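Structures for review follow.
Paired with subunit B in one complex and with subunit C in the other, subunit A is shared by the two complexes that follow.
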Partner chain A sequence: MTAIDFINFYIVPGLVLGSIYAVGAIGITMVFGILRFAHLAHGDLATMGAFFALAAVTLLGVDPWVALPVAMILAAALAVGLDRTFYDYLRDRPKILTVMASLGVALMVRAVIQVVWGTDPQTYQRGIVRPDNYFGILLRNRELYTLLAVVVIVVALETFLRKSKWGKAMRAMSDNPDLARLSGVDIRHVTVLTWAIVGALCAASGFFLGINTELHSMMGWHMLLPMFAAAILGGVGRVQGAVLGGFIVGLAEELSILVMPGPYKSATAFVILLAILLVRPRGLLNGKVL
Partner chain B sequence: MELIGLANYAIFLGILIGIYALLSLGLNIQWGFTGLFNAGIAGFFAIGAYTTAILTSPHLPGRVGGFEMPILVGWAGAMIVAGLIAWPIGKICLRFRSDYLAIATIGVAEIIRLAIRTEEWLTGGTRGITGIPRPFGDLPYVQSQLAYLVIVALAVLIVYLLVERQLHAPWGRMMRAIRDNEGAAAAMGKRIEARRLQAFIFGSTLMGLAGALFVHFNRSITPEAIDPMIATFLIWIMLILGGSGNNRGAILGAVVIWTIWSVSEILTDRLPTEMAIQAKYVRVFIIGLMLQLVLRFRPEGILPEERRTRTAPPG
Partner chain C sequence: MKSKITAGLVASLLGAVLFTAPAHAQNQRIALLSGISGPIAAMAPAMLEAMQLAVRHVNEQGGIGNGGRLEFVIGDDACNPQNATDAATKAVNIDRVIGMVGPACSGAVIAAANSVTIPAGVLMITSSGTSPQITKLNDRDLVFRTVPSDDYQGRALARTLKERGMDKVAVAYVNNDYGKGLADAFKDEFESVGGTLAGFSGHEAGKASYRSDLAQLARGGADTLVVFDYGDGSGLTILRQALENNFFKNFVGADGMKSDAVIRELGADNLKTFFTSAPVGEASASLDAFNQAFAAAGHDPNAIFATTSYDAAFLMALAIEKAGGDRAKLSEALRSVSTEPGEPIMVGEWAKAKQLIAEGKDINYKGAAGDHAFDENGDVPGNYSFFKVSGTTYEAIAEMH
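On to the complex of A and B.
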């Protein structure tokens, strides 16, 4: 196998998959870091976001990339609504109950998708797309756009978290909730804002997975383990960590085919998760341990 | 005729309720007494089912296993292997908050599902394993079903008595102390991680036993026999609705939820095919909603945990 084949068949798919996981893992690390619980409905929320975009494509007849912002706004509203309805009242009880509620929400969201859109795989656009040749590296437009979109999302989010007042409030709550509250941070607003961002990120990751593969009612659930592995690998609460973790998990999954039987590809994330918990539970970038 | 059909169905229902009651009791040890979040119950169930299937089924060329061992050996094997799988997972994850265990157990269930589908030499792949013996399986249908109901009921009774005994022993008080105030329990010199690991393994072996009872009842097992997420979630709602921390609650929850689930399936199966498929997902939605309602309006369940505060003896 030549170097260029290796890049085309393993590294490029690994990076695309990694960027999809990265966007999802950012959301997981934000909920884990700021709201302090493992959100098990994250994957199914991503599925819902992907299907929101499909609805926009089929009903309005727009290009999938135009449907993406629509899906992100709808998923943000859904995430805020789910928090108000199913998580908010559990705020003062042990956090593990919210984890349980989120497992129930995962099942409910998926059931809605299965009733509305059925269980057959679907796509945004029909037809085969030929990749373009960039000095030997084969890239499809959608793959290029996915990678670019991830860069835009990460830069925008980082700028928001570092520069804006609300971003600083979110980081303060992640570092020390009691201190943040004493300093006058409005927990209610920060929570709503966090869910809005997380919902939008979910939709983006689901959309990227959908446009690069296909849409399926289980697509998000199957991403849950890689996304959690990425978030914990990078360090809980660390946005850059989630991105780094996402790319490592994505590349590891694609490269695992070289050393392991194909069906076990999706076991890679689990191995990474256990290894990091065993060796360095704070993650690569020194996140939190709950 | 109608009446006999109904009685047969009741026996069938009873056997499955017994199996779910075992799962619910196992989860009660993990969640109810110790506060451990196991989201991969179906994985431990499947491990138990396949272990005993491999140990007791007749030999088939091209597949390892089929040792035709006695059924009791199969059951013991199911419990041991389920416990052996639980050990490393608990060892790694129980140092942290239960969120991590939740994620890891979802992973375990997924890996087990993958392995069962892939390792044809051991599990028969998608074809599964057939010809698994059933105790008193040679009797006529009704007698054989009745005999199995008695076996399952006995298993539930024995497990219930053992778990109750354990719960009221100093061990049970220690576990609840760890669950309710980890810091204080640690300060009293209790080894938190080791105790949690005990509870996790103990609960998982019961889930393995339930899997074994299921497979000998069914006489065959395929990867599609149970939907992992729905099964896991049903057991959670059984325990939460029945009353986590209360063993009678765990069994009651299994009776209530499995009856609702099973009877509603009969009703929706009468719908036209297209609607029947949609109705299946509506049922899943309602089960998810039910958990939210119980968590909100009756978090202690139907039979709440007994909080015995014994006053000090006079003098």
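On to the complex of A and C.
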């Protein structure tokens, strides 16, 4: 195997997969950090976002990349709506109830997708795309855009969290909710804002997954475990940690083929996760202990 | 007190719904299970329609027993063991079915049979569970299938590829009962006829990328990839990534890959070197009758597992009629109505079969998919054809032996 083959068929797919995981993991880590529960409907919300984009493509006839912002807005609205309808009601009860409710929400969201769009696999653009050659490195436009989009999303989110008033309020909520409340942070607004951002991120990760493979009603659910692994690996509540975790899990899955049989691909991520949690229980970037 | 009254009301309402047939008539209820959601979702509608066509034939021509009707409940096995077990449990314990047609996928069949239908003594006929593992079930003669075991298909495919000059191939199989059963049979036969396996590896369903798997397989130097997976699931992802990255030149799948979704999403132009094998019905009067009836009902008779699904449901009905609705005698009755000797019964000939059974005569159902002479394991031998993509559908190009 030449070095260029290694990059093309192991590293590049690992990075693309990693960026899909990363965008999903950021959302998971934000819910974990700010609202303090494991959101099990995350995968299916991502699926819904991907199908929102498909609806925009089929109904409006626009390019999939134009449909992405539309899907992000719709998914943000959906996420806020889900919070208002289901999670808000359980806010003062033990968090485990919200976790279980999110599993129910996951099933409901998936059922709606199956009713509206059916269960057959679908694609944004039919046919196949052969890669372009960049000095020996084979990349498709969609992969390039996926990687770029992840960079844009992470930079924008970090800037928002560090510089803006509401971003600071969200970080304060994440660090210490009681202190945040005492300092006059409006929890209701922060919660709505968090869900809007999480919903938009869900749609983005579902879209990236869909444009790089196919869309089907189970796509997000299958991604849930690696995304959780990435979020915990990086450190709960840490955005950069989720990105780092996403890339590590994505690369580990693709590279594990070199040393292990294919069916153990998913297991690799968890072996790494367990090992790191043994050595660093707070994750790579020193997240929260839950 | 109030809740008791409500419960009583509900119960009487339910009763009113359930027992609308005349008092002396004994309705019989069967379960129809298929993978309505999950990786074979595109195949499920035709299968369920074919099963329901059989039920319609029964009810239009005299029904079951003395004026009873054949009722059915539909369940979704989602092509996985957990959902199949749930659906089968509901059918057996809540709907109190006498027999089950389905589930669709091999893993689903094995799980539902082992944990639900065999312990409950319910007869199961699957029309698409093809794993060789199903043969080995310790089933108290309660699990049958109208579709041949993949042991035959894997071996026939191996011989066909060798004959067509594909001497060196790589195999990628989905790591479940279906994929592994097929891959093992293929490997065994392909090596014994002198072919070279340049790669042989399993993969997990539902991943976003299989490029490293494919790169690893391609390193063996084969230009043909054999995919034992589902064309509505990860098989489609694998095929796409193999095509886009030029890992292989030729692609061969088995029945699971023969899905319209593959042509629709990848485009026929890109699939000129894609072939699949699939079980086919032998030309017969019964098959013609089925094709006509199914087309008249507005469905595609060439849809995969349509014939076997019709036969499974029709055989179930014949067995129930023959056993007089006695659950304990169902498997014995099933063998009796499907094997020599007996008056031949074709697709749709329910009135004739009912008459003969009433007269105490032997019958022998000749189905759309074949004669269904079950062996001691409840398996049937099969006929296979080799298909290529033609336009928006598949076209048989050779018989496989």
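The criterion applied here is as follows: the second predicted complex is superposed on the first by the 283 of 290 C-alpha atoms of A that agree within 3 Å, B and C clash if a C-alpha of one lies under 4 Å from a C-alpha of the other, contacts with A are read in each partner's own complex, and residues count from 1 in each chain.
In this section, contacts are C-beta pairs under 8 Å (C-beta built on N, C-alpha and C of every residue); 3 or more make two chains touch, one makes a residue touch a chain.
Quantities reported herein were computed from a predicted structural model and do not represent experimental measurements.
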Fit or clash - subunit C, subunit B, common subunit A: clash
Which of subunit B and subunit C A:Ile20 touches, first, second, both or neither: second
Subunit B versus subunit C as contact partner of A:Gln114, first or second or both or neither: both
Touching partner for A:Leu209 - first (subunit B), second (subunit C), both, neither: second
Which superposed partner A:Pro261 touches (first subunit B, second subunit C, both, neither): both
Touching partner for A:Thr123 - first (subunit B), second (subunit C), both, neither: second
Partner chain in contact with A:Leu278 - subunit B first, subunit C second, else both or neither: first
Subunit B versus subunit C as contact partner of A:Pro131, first or second or both or neither: second
Intersection of the subunit A residues that touch subunit B with those that touch subunit C: 114, 261, 263, 266
List of subunit A residues in touch with subunit B within their complex: 32, 37-38, 40, 85-86, 89-90, 93-97, 99-101, 103-108, 110-112, 114-115, 221, 224-225, 228, 232, 261, 263-264, 266-267, 269-270, 273-274, 277-278, 281, 289-290
List of subunit B residues in touch with subunit A within their complex: 35, 37, 39, 89, 92-93, 95-100, 102-104, 106-108, 110-111, 114, 117-118, 229-230, 233, 236, 240, 278, 281-282, 284-285, 287-289, 291-292, 295-296, 299
Complex contact set, residues of subunit A against subunit C: 1, 5, 8-10, 13-14, 16-17, 20, 114, 118-123, 126-131, 138, 140, 209, 212-214, 216-219, 222-223, 253-255, 257-258, 261-263, 265-266
Contacting residues of subunit C [partner subunit A, same complex]: 36-38, 41-42, 175, 201-204, 206-209, 211-216, 219, 232-233, 236-237, 240, 243-246, 261, 264-267, 269-270
